[in-house]
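Next come two complexes built around subunit A: one with subunit B, the other with subunit C.
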Partner chain A sequence: MKVVICLKQIPDPAITEFDLKNEKMKSELWILNPADFQALEEGLRLKNKYGAEVTVVSVAPERGDEILNKALRYGADRAIRAWKTPLIEADTWMISSILKQVIEEIGFDLVLCGNRSKSTSSEFMGVALSERLKVPVLTGVVGFEVHGEKEGLVHKKLERGKRETYSFQFPAVLTVDEGINEPRYVALFSRAYNEGTRKKVESKELGLDDIDLSPAIELFRISQPKPRTKVGTKISGLSVGSLMKVLRGETGSKKELFSGPATKGAQKIAAKLKEWYL
Partner chain B sequence: MEMNVIERSVFWLLLAIALGISSHRIYILFRLIKMGKETERFDHLGTRAKSVLVYVLGQWSNLKNISFGDLAGFGHLFIFFGVIVFSINYIIFLFIGEGLGISETMRNSVFSHYFLYLSDIAGLLLLIAIASAAVRRGILKPARLGPNFDSGVFFALALSIFLLFTCYFTLQGLRINLETNVFRTPVAGFFADFFHRIKLADQSQATLFKIIWWAQYGLILGFLVYAPYSHHQHPMFSPFNIFFRSFRPTGSIEPINFDKGEPLGVSRVEDFTWKQLLEGFACTHCGRCQDSCPAYLTEKPLSPKMLILDINRHLLDVGSRRHSAEQARGPVIPEEITKGILSCTTCGACVEVCPVFNRALDNIIELRRNLVYEGIYDHGHRVALQRTFDYNNPYALTGSSRNTLLTVLGIDKAIEGERYDVIYWLGCSAYFDERSQDIARAVLKILKRADLKVAALGEREHCCGDFVRRLGDEGLFQRLVHENMEAIKGLDFDVVLTHCPHGYNTLKNEYPVFGADFTVVHHTEFIFDLLSKGKIQVDKAMKEIIYHDPCYLGRYNNVYDPPREVLNRISGKVREFPFYRNKSFCCGAGGGHMWKHEERGRRINDERIEQAIETGVKTVATSCPFCLAMLEDALLMKGLVAEMKIRDIAELVQEALC
Partner chain C sequence: MVIGVGNGVDKREFMAVIDELAELLEGVIGGSRVAVFRGLIPVERQIGSTGKFINADVYMPIGISGSNRHTSGIRNVKHVIPINIHKEAPIFKFAELGVVNDLYEVVPCLIDTIKKESDVSGDSR
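Moving on to the complex of A and B:
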């Protein structure tokens, strides 16, 4: 069984800032997209269970070696990085055409992608790949099982914890939802780590002619997040009386207490309601 | 009664056979121990010899653990001296005297008079000790002797010791009657009178003497052969174990040199050092470690005693198989032996009480290192390690939020070129946990009162690596060490102050191996210093306080007195837990337990807080943010938050400032 996993290197969302003038993201720290990490974990589980051959692929400049090396250290068998300089502004559709070439060259039974990236979040890569590769696609997978050599079952999430289950035949593209698993941890100098460092990332230079260089979308604008509307009450500086009101939850609309027997109380409430709404 | 030539030949032949069997066995055990890795244990010969004098001959290893509830150490003292005296007795009178046919000369000197008298007393005391051991095992049945206690073997042994001494005293009595012994000793005299009274003829007495003499000899040879095959090998191995003991402080860890290659940690017996393999033979099965282990006492699947003994049993298995098949690497230590190692809180109580200086804790760390090497984790541990790997702390705090906290606490961020009195190592818990921030606030107030210039590292401070190392992830630990040392390197300061004993222990004891050369103080020491120098003054007005010793401050660093001194200055009544100082009971957070996912059995912090509740004191003082969190958590579970308070010493001092 040959499993290909597409990895994307994204700027670390925790420290990334937007450069609004040049409409670009600034980041010094590039990390592996979390959903892709989980796709990798699924692939590695297939490797542990069925002896699948796991290849990771990324379209990235040289800095991409970092995540590919990481994937090797986590247990991937092969890592391929494809790149050509004009791709710096490429959109998902263009990248998918490169991935298609690489994946077809390796040969595959399953292609696993993360459902979405934390940087562009287009959720389109899996679908684009299935179009390019002419194989079925299942998106948002929260669990899957493989039966035999050629088929499997896929679970997708519906609202309120409901699940859909599809059966599918190899070859196929699956995009996994974040939360499908918890990726393993590979410690420095552990067995897997040492084996991974002995493997090398294969880099692939592409001829420009091979690439479908027509972007399907265009980035229009990056804007600052809108300021949030403020909720809550400022309590410093309030008098004790009003502070107690806040603490008892008596702010906002007016409240009134009616006492007496139930029938009397109900009559009073009814009268009050009439007074307010009529 | 001298033996004739035939008897004497039989005598020496039997001894040769017995010695042959037992020395063959000891040789096999020696070969097994030699399977272990090298470790330097021939340094400090003077100190080593002194430990043998104090702990073996002086029996301090047993006496140090004696309490009102546990008097077994006295029993061992009597047995020990009895055995020593009788070994000498048998060598002088039996082997040299009777074996060489010079019995009369040997027995009738002034020295023998005193020595036989001493033997009588030693023998009596030994019999009393054996009898009380039998009562202890048969009736009292203390939990620490389980679960590997074999009553059949014990009672057979106790009976044969009893028989041996009956033989000895009868023989001595008969010797008086047959006039081969000039001196009369009390117990022997009693037996002599007995035979007189029943009017046994001299001839029958002589025959009886022969029979009993050979029975006694048989028993002695029996012991010689039996001992190295049983747990009574410990008298042979324990003195060596004490001689070769480790002088490193409790819980300190040997760094891994990654250039030396794989695999890391211990997965097979030959990965242990020879000293660690020796420990299994030296173990006395006393179970004191198990009896003080917080994990074992709260029904976790860990017993330090059984870990050491199971590894030893596995070693014997491997050894017996090795003779047939010569493999490059022996079999992996089975999982049922190592299943409990993640339950260890690394509190070090087992190391502290062990009479023969065994270090189950060191074995556990080595075994954990191999789990990390093979990629086997507890879920909670894995998450904490992953976060530490990605964010440099187990709480996944970002660097900017660390800086923000410095502003919130009103503390400067340390910059190069500036002179500081104190660099305050806040620790990850203070950056994350609001309760720990209270401790930091209190410490800062005290520092301000003492007029000291203080700064913290903010985003440059990473996890100190304590829990990382104790979970066995040495690679990540060493990365954190170098990052932290880089952060501290350019700064100009007097001391690094920390309120967390885990950070304190790691920075103070473990960083110097990697080249750190700064002074580290714990805030209890620091506050004590400020108080004694008069830089801050406090009122002595607090009510009763009970102090909980954090393991990493007490057992790991022997800081027992400064916190108590500080508390004595703010309160007239400082009480103690039933388990305190070096016997302190863990709060349950150490060794990565703070992040452990699921645990069976009772909770360790509940156990500790119950001990506090029983004393009736309303304020529990401690000096560790993790102890604080664990104990408060336990209070919350018990619904006693309104009645009792857990406070850090710094908070109490800050309240008492005047």
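Moving on to the complex of A and C:
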């Protein structure tokens, strides 16, 4: 059984800020997308159980070697990094085209992806891949078992803990939801770790003509968050006096903030004073 | 009617004007801790958590930003009309009508306006 796992390197969401002016992520630390990590763990379990051959693929520039090396240390057999030099602003559809070329070259029974990435969370890569590879797709998988040679069962989430189960024939694309498993811990300088460090990441530079370069969608605008407005009054923490005020409806008075010339302000105050005293 | 003076009143001569205003409105003068330190008001007139808690109908803080220590003393006031030059001053949270302008301009104008109106209506207030 051949299992291909697609990995994505994302800027660490804990420290990343979005630069609104340049419409780009300001990133310093790059990590492996957690959902992809769990897809990797699912693939490695297949390797331990059925002797599957696990290949990890990532479309990334050279910094992507970091996560692929990590996947190798966790137990993957092969790691392939595909990239094309002028590819900077690529959308999911273009990247799926690159992934398709790589995956078809390797050959596959199963393609595992994370359900969504923490950076863009479009939840689209698995679907796009299945379209490119012309195989069925199952999204949001929370449980997975293999029956026989070429058949599998997949659990998907419904509301309130209900599950639906699908059976399918290989080959297929599965996108793995977070919480499907608990990723393993590989200790430093353990046997698996040392074996992984000996393997090398294969990097592939794809030719210009191999993929269609036109992005299907374009980023149009990023807007600032709207300021939140307070509605209603909290009465649980109030003293008796102010609570009575609220119940009598006295706090709902119309507030006015006047910032104009001094003479007009003075006239306003005088009018108010007159109103209250007469 | 209580008039409060605070950190914004940094000219001692201006207290005469505020005295006049208090007389016109038949009010008394209180103030924040800073005003006490400046010697603008006696310590018995201090409003706030370390001073007096007031129950006035109208309170007019002049040049008071409205720290928690001060505003805890004016919780039971019905109407608050602050005059402050800073738009973000926390005293405006309590305000029914807030005037954002220089107090050295607003207070003399206010005295003029009240005097004119009392001339017309014959009411001293």
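The rule we apply is simple: the second predicted complex is superposed on the first by the 221 of 278 C-alpha atoms of A that agree within 3 Å, B and C clash if a C-alpha of one lies under 4 Å from a C-alpha of the other, contacts with A are read in each partner's own complex, and residues count from 1 in each chain.
Just so it is clear, a residue touches a chain if its C-beta (ideal position, glycine included) is under 8 Å from a C-beta of that chain, and two chains touch if they have at least 3 such contacts.
Since the structure is predicted, the reported quantities are computational estimates derived from the model, not experimental observations.
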Where does A:G161 make contact in the superposed view: on subunit B (first), on subunit C (second), on both, or on neither? neither
Partner chain(s) touched by A:G148 [first = subunit B, second = subunit C, both, neither]: neither
Looking at A:P225 after the superposition, I want to know if it touches subunit B, subunit C, both of them or none. Which is it: first, second, both, neither? neither
Going by the contact rule set out at the top, does A:I15 touch subunit B (first), subunit C (second), both, or neither? first
Subunit B versus subunit C as contact partner of A:G241, first or second or both or neither: second
Which partner, subunit B or subunit C, touches the larger number of subunit A residues? C
For A:S190, decide between first (touching subunit B), second (touching subunit C), both and neither. first
Subunit A residues touched by both subunit B and subunit C? none
The residues of subunit C that touch subunit A in their complex are 25, 57-58, 60, 75-76, 79, 81, 83, 87, 92, 95-102, 105-107, 109-110, 112-114, 117, 125
Would you tell me which residues of subunit B are touching subunit A in their complex? 256, 258, 262-264, 372-375, 377, 379, 382-383, 385-386, 389-390, 398-400, 473-476, 479
Subunit B contact footprint on subunit A (complex, rising order): 14-15, 31, 182-194
In the complex, subunit A residues that touch subunit C: 239, 241-242, 253-263, 265-270, 272-274, 276-277
